[in-house]
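Every chain is named by a letter (A, B, C and D) in the order it is written, and numbering of its residues begins at 1.
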Amino acid sequence: MTDQTAVHAEGVDRSFGGVRALRDASFSARPGEIHALAGENGAGKSTMIKVLCGLVRPDKGTVRVTGRLATAFQELSLLPDLTVAENLLLHDPPRGRFGLVARRRLVPVAGRILSDHGIHDLDPAAVTRDLSVAHRQVVELVRVLATRPEVLVLDEPTAALQEQQVAWLAAHMRRLREEGCCVVFTSHRWREIEALADRVTVFRNGTHVTTRSRLTESEAVTLMSGRTLEATYPPLAPPQDTVALEARVGEVDITVRRGEIVGIGGLAGQGQRELFLRLFGIGRQQVTVGGVRTTIRRPKDAIRAGIGIAYVPEDRKAEGLLLPMSVRDNLALATLERRSVAGFVRRAAERAAVQGVVDRLAVRAASTAHPVGTLSGGNQQKVLMGRWLLSGAEVLLLFDVTRGVDAATKHDFYVLVAGLAAQGRAVLLYSSETEEIAHLCHRVLVMREGRVAATLDGPVGDAERIVAAAMKEHQHV
Amino acid sequence: ACSTGENSPKESKGKIKIALSNSFIGNGWRVEMENVFKAACAMPPYKDQVDCSVFNAGNDVATQTRQISNLIAQGVDGIVINAASTSGLNGVVQQACDRGIVVVSFDNTVDAKCGLTVNTDQVKFGEQLAQFVVDQLKGQGNVVMVTGVAGTGADNDRNAGAKKVFDANPGIKVVATYSGMWDSATAQRQTAAQLPSLPKVDGVWVSGGTDGVIKAFIEANRPVPVTGGEAENGFRKYLAGVSTPKVNGMSIGQPPFLSVISLELARAVIKGEHPKTSVTIPFPMVTSETVKVGETVFPDLPDSFFADFTDSGPDATVVLCQEAATDGTPCPGKTLAVKLG
Amino acid sequence: MNLEAVLRKAAPQRRIWYAFAAAATILVAGAVIHPGFGSWPSLRTMLVLASFIGFVGAGQMLVVLVGGIDLSMPWVLNGAAIVLTTSSLGQSGRLPLAVLLALGTGAAVGLCNGLGVAWLGVPAVVMTLGMNGVLQGLSLGLSKGLTCASCASYAPEPLRRLVVGRVWGVPSQLLLWAGVALLVTVLLTFTTFGRRVYAVGNNPRAAFLAGVGVRPVTVALYVLSGVFAALAGVTLVAYGGQPSLGLGDPYLFESIAAVVVGGVSILGGRGHYAGVVAGSVTLVAIVTLLQAERVPEYGRNVIYGLVILAILFTYGRERADD
Amino acid sequence: MSELRAATLGYAVLAATAAAYLAVYTTSLGHLPTPFDYLSLLNTSLPLVFVAIGQSLVVLTGGIDLSVGGMVGLGVAIVAAGSTGSAAVTAGWMLAAVAAGAACGAVNGVVVARGRIAPILTTLATLSVYSGLALKVLPVPGGEISPAVRSVLTDPDLPTGLIWLGAAVAGWLVLRRTRFGMRVYAVGSDEAAARASGVPTVRVKVGVYSLSGLCSGLAAVFYVSTTTSGDPNAGDPFILTSIAAVVVGGIAFAGGRGSALGAVAGAFALTLVIDVLFFAGIDPLYQSLFQGLFLVVAVLLGSLLRWRRSGSPPRLRRSGGLLRLRRSGGPLRWRRS
């Protein structure tokens, strides 16, 4: 079949410092098909895509692309300070007299492009920075679609989209297929893959596992993770009665008891992140922590409030870790003054405390003096958790903490979280992988457009119920 | 920005308006120069003939150009200038002349042909100091030259003058030449840095920052050589033995009262009492022998103060008092007589 | 950012060695080219001169560590010098008070800078530039352009002895510098404050989310910067005896140059004072050598610039997308 | 973002200072400013206007150019040293000066973009180099240009300067309407994203620094024309004043936001402040104090404007940024400034 492929990569290797993102990976897709690239976080999908479009140079291997290629990257490549119109028309803006850019025509032209692609609820004059993530994603997609590509590559295009937007995108992908283009996309939502893809390629740990046209979800999961998911979730201890965290954030009422793991479900970008950040003191917020009622204004307050709140962000590189600083510094940062006399760090005490956490979490690091940036994604995430174990916070806000974490480490995490809960800690958990919420939570609040759409008592067990609740009165793909 | 308060038209009946536009106030000399100007304006005959005002520009040609334009707009009769750049003001000065305003520049003068200048001969400055050093050394010895701010006319002229003399004396060996930026602190640091790697130094020629140079020699426990330098009070304290050790040397100054002489020239030209010609004045000059406490050196004033704010001796061009230089206040019960040579 | 960058960032110590290598290179070159340049008296004086840059460099480095910059140094320095002499009137008895006043002036200005930058969100360049102007105005105006009666007084004798005096043949100024170096190093490496500084410098967002008071830390650093600038002023006036207007002018660019030649990242988060010490020596050595070789002014400027560029190329490079 | 909106701060500040100027002028002289005042204001401002335009291009990409001082100085030196009485010769050397400026700028650009050395450091070093060259070309102030050239560029009695100001503004508007212009904003807004979306960031940066050099060259030309001769140190004041003009013009130091027209307005405002202080009779010793305050206040005014636009005070906007910027981590922009 490789006789007439649109994209073809063979034996590609690529590592980033210590991390081997791709090892002898191969991938190929034909014209006139929609080809899904599936794999766990960190499997190497994005890297492969960057290699395909030449943004990342492979250490080894060959890449061939036939036809005009357009890519929408996972990290949005929109320019925050430019308007939607400028972003859409950056490369060939409308020309007026003397071949100059006709700035007055930017907005109308962009407006036309948007409506041509069936987008009507978006102001082309708006500054991109001010748009919701979903809308930014739409703009990004329109931008690539507008280039009339022969090969279209989309990296997690739906992650941030709402259901009707997903449908909109699906329609376009199908249209392009009919026009004989080759469409490649990645997704963590199996429903979409099932509904859209003609063929699926599965990646694991940076290598090609298989490419098939028929593949059930459970098969796929097995192939992606190397084992079946169900088995990996630990049993949950029953929660206690004492309330650990109580707050009203916007229109959402949150109550978490000690020992309880409350899941926040729903599609991405439904206000979950805002909820978590508010509970952690970004902006003024009233909370009752361990019975103590306080107003928190900044993370510092949240950390000190009552029995202590901790927040583990999904974007650990931007918001969690100080990559160039040592594992020890990163672990100790939130609790420095506890191990200090007159402002001087008690190094011995610190080393001991840090070593304790490192052992407890089995962080794999050559030495605690090494820069945390040199650790693998999973271990970086552990360090971040460890920081809050040191702080002894009793309320844990875990926001999509398993992103880019390999299966084994994920499992350790599930065990750890369940264990922490069993010790009476209260956990608020969001994950882009609904399965986790379905299996790891006593209770699930499904959010939609900043409100709680449904509350399910758990462990819910099957993700479909959450998904269903998440998109009631949305038509399925 | 006007020391003597008023620059509104109605006030000045019959009085002629003369403004001092000074490029910057960044060092003691400029401050003194302005003070004596202000003092003079508050003393007869200027008190009742002239309506003075003073302006500073941040050593920036654009700013000074603006100010001079504004002075033109104010319709002053004369402008006295110490320029930020000898060439930079030609344009606006020309405009002033075109409007019949008498422009007198001094110290850092303006090239513009139409303007008058009041100045000392900078080349001669260099020569005299150098000649003194040579004479004291009987034409034999190692000499150090501490120059000023490169890229300025005065620095160039002074160095040229000195070079001429030193080159003319084969016995004199210039063992080092470096810039003291006309600033005592800088001169001291540079000298300190250079001294250790220098052979025996018999004489120094300093374009500015002399007291700093001497301090550097003292710190390095080196005998202070014969010194030809500027008129910093600090330097003269050493000449007079007020500060120890007593130094053998000659001190020539660019006198701050150039501003007063310029004022007089402007006034006289406007009143038609003096032809439209530039004036060159002799430097007030003292040596370790002639320096007099209270007259040409002032123990109770800063080192950075320029001790030649007044001329001395029988045929002095102008005689001013200490408070004129320090506070810009008039010398009690005194009419100012300025000789335009 | 990818891991290569992380690794490159991970070795600030290496940059310190580079900085010392640079200093050594210049010194050795000088000793070879120019007889006497390498002698102990010569080195001693160069070190003393470097110490002044070292002081302003300390302040500059602290703010650069959090991605800031302090352009108010020249007149903070000058202002402090004037405050010292005018308040001490040359009397040893008033010295302690005078020194406190001088350093206090620096601290006050630093506080304004810090508040403006951290709370009002004024870009550091603008805030400190503005404050420099403000201080210049105040210094000139209040001292009547340094002609005020009290401006005639010298720095008190004990202070001058401290700067120009010797202890076992070592200028006590150098001991003072060693003290400052020790202080800054200890502050940055052994205290919780130091940890927070590097955290903020590396990633304010993450630091903030780990409960670090990003703004308080920032303000504190600007205050320290002001104090060190003032310290430089105090020692300089002791060295020269009396302040002169424009005393601080050379020290703006030199402080920045010393910081980067010392291997501190201008983007913040990386760097140690040891490097800045080396940087200060390098700068003084270059200038001294060029002066000694009678290189004309224009040549000095050109070579000075090229040397700094060369140094930047060897270890001053940033990642393009940092 | 529309030009007008982008330059609001600059215009606001200019309007304010202009009002103040008229007020103090009329009160102290009893009549409104004359054509002579406007004309000399225009001519003295022109050099700064050009440098400010160049500086704003660089700042728009998130950089900064300290070497403008050296480049202006070098340009002035070249023109002054080369010029003779003849207009043709002067004109020739003026072209040479502009070319030299562009070349120096290109060097900056290559070192910054290819050499990956922070702009502030690169230009700090090259500043020293270019100033040195200026001293070499013209050791002492002097030189003289033909009056003909002057009457074409900055005639003291006819508003020829207006033409060149117009040309400068037009030049910016044209640039803004080229793809390069859009890419300048793209690079300043988020360099990594710009690269990912196919913007040739290196070329854009080199271009921007070259243009800054070119503008410095032009500034030198107009400097010599207004002063009719040259001074090797002429460039120094432009380093900080150009930055001040950009800031007062409301261009964000982070890059990506603002307009060179704001900087032009800022340049005029800064020049007017001198006049205001002059006629207000401020004690010369205190001048720099007011200029410093003016700078800070203008910028505060700017953050207030942006605050009113974004509907939340700066402090909240900061934390708001945490909520807002989802994936875009990386070093915070304000660390650059």
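What we mean here is this: contacts are C-beta pairs under 8 Å (C-beta built on N, C-alpha and C of every residue); 3 or more make two chains touch, one makes a residue touch a chain.
Chain identities (UniProt): A = Sugar ABC transporter ATP-binding protein; C, D = ABC transporter permease.
Please read these numbers as outputs of a predicted model, since none were measured by experiment.
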Quiz item: Farthest chain from chain D (ABC transporter permease), comparing Cα centres?
Solution: A
Practice problem: Tally the contacting C-beta pairs at the C-D interface and at the A-D interface, and name the larger one. | Solution: C-D
Exercise. Return the distance between the CA-based centres of chain C (ABC transporter permease) and chain D (ABC transporter permease), expressed in whole Å.
Key: 29
Quiz item: Distance-wise, how many Å sit between the C-alpha centres of chain A and chain C (ABC transporter permease), to the nearest whole number?
Solution: 44
Quiz item: Between chain B and chain C (ABC transporter permease), what is the separation of their C-alpha centroids in Å?
Solution: 33
Self-check item: For chain C (ABC transporter permease), residues that touch 2 or more chains besides their own
Solution: 1, 140, 144-145, 203, 205, 208-209, 297-298
Quiz prompt | Interface hub residues of chain A, defined as touching at least two other chains | solution = 298, 317-319
Quiz item: So which bits of chain D (ABC transporter permease) are touching at least two other chains?
Solution: 135, 139, 283, 285, 287-288, 291, 322, 329-330
Quiz prompt | Inter-chain touch pairs (all) | solution = A-C, A-D, B-C, B-D, C-D
Practice problem: Name, in rising order, each residue of chain C (ABC transporter permease) that touches chain D (ABC transporter permease) in their complex. | Solution: 1, 66-69, 116, 119-127, 129-138, 140-141, 144-145, 203-205, 208-209, 253, 256-257, 260, 266-268, 297-306, 308-309, 312-313, 316-322
Quiz prompt | Of chain B, residues touching chain C (ABC transporter permease) in the complex | solution = 25-28, 30-32, 34-35, 150-151, 176-179, 183-186, 188-190, 192-198, 212, 215, 219-220, 234, 300-305, 325-327
Quiz prompt | Residues of chain C (ABC transporter permease) that touch chain A when the two form their complex | solution = 1-4, 6-7, 9-10, 190-193, 195-196, 198-199, 202-203, 205-213, 269-270
Quiz prompt | chain D (ABC transporter permease) residues within the chain A interface of the complex | solution = 1, 174, 176-179, 181-183, 185-186, 188-190, 193-194, 196-199, 256-257, 316, 319-320, 322-330
Quiz item: Where on chain D (ABC transporter permease) is chain C (ABC transporter permease) touching in the complex?
Solution: 64, 111, 113, 115-118, 120-122, 124-136, 139, 191-192, 195, 201, 240, 243-244, 247, 253, 283, 285-293, 295-296, 299-300, 303, 314-315, 318, 322, 329-332, 334-337
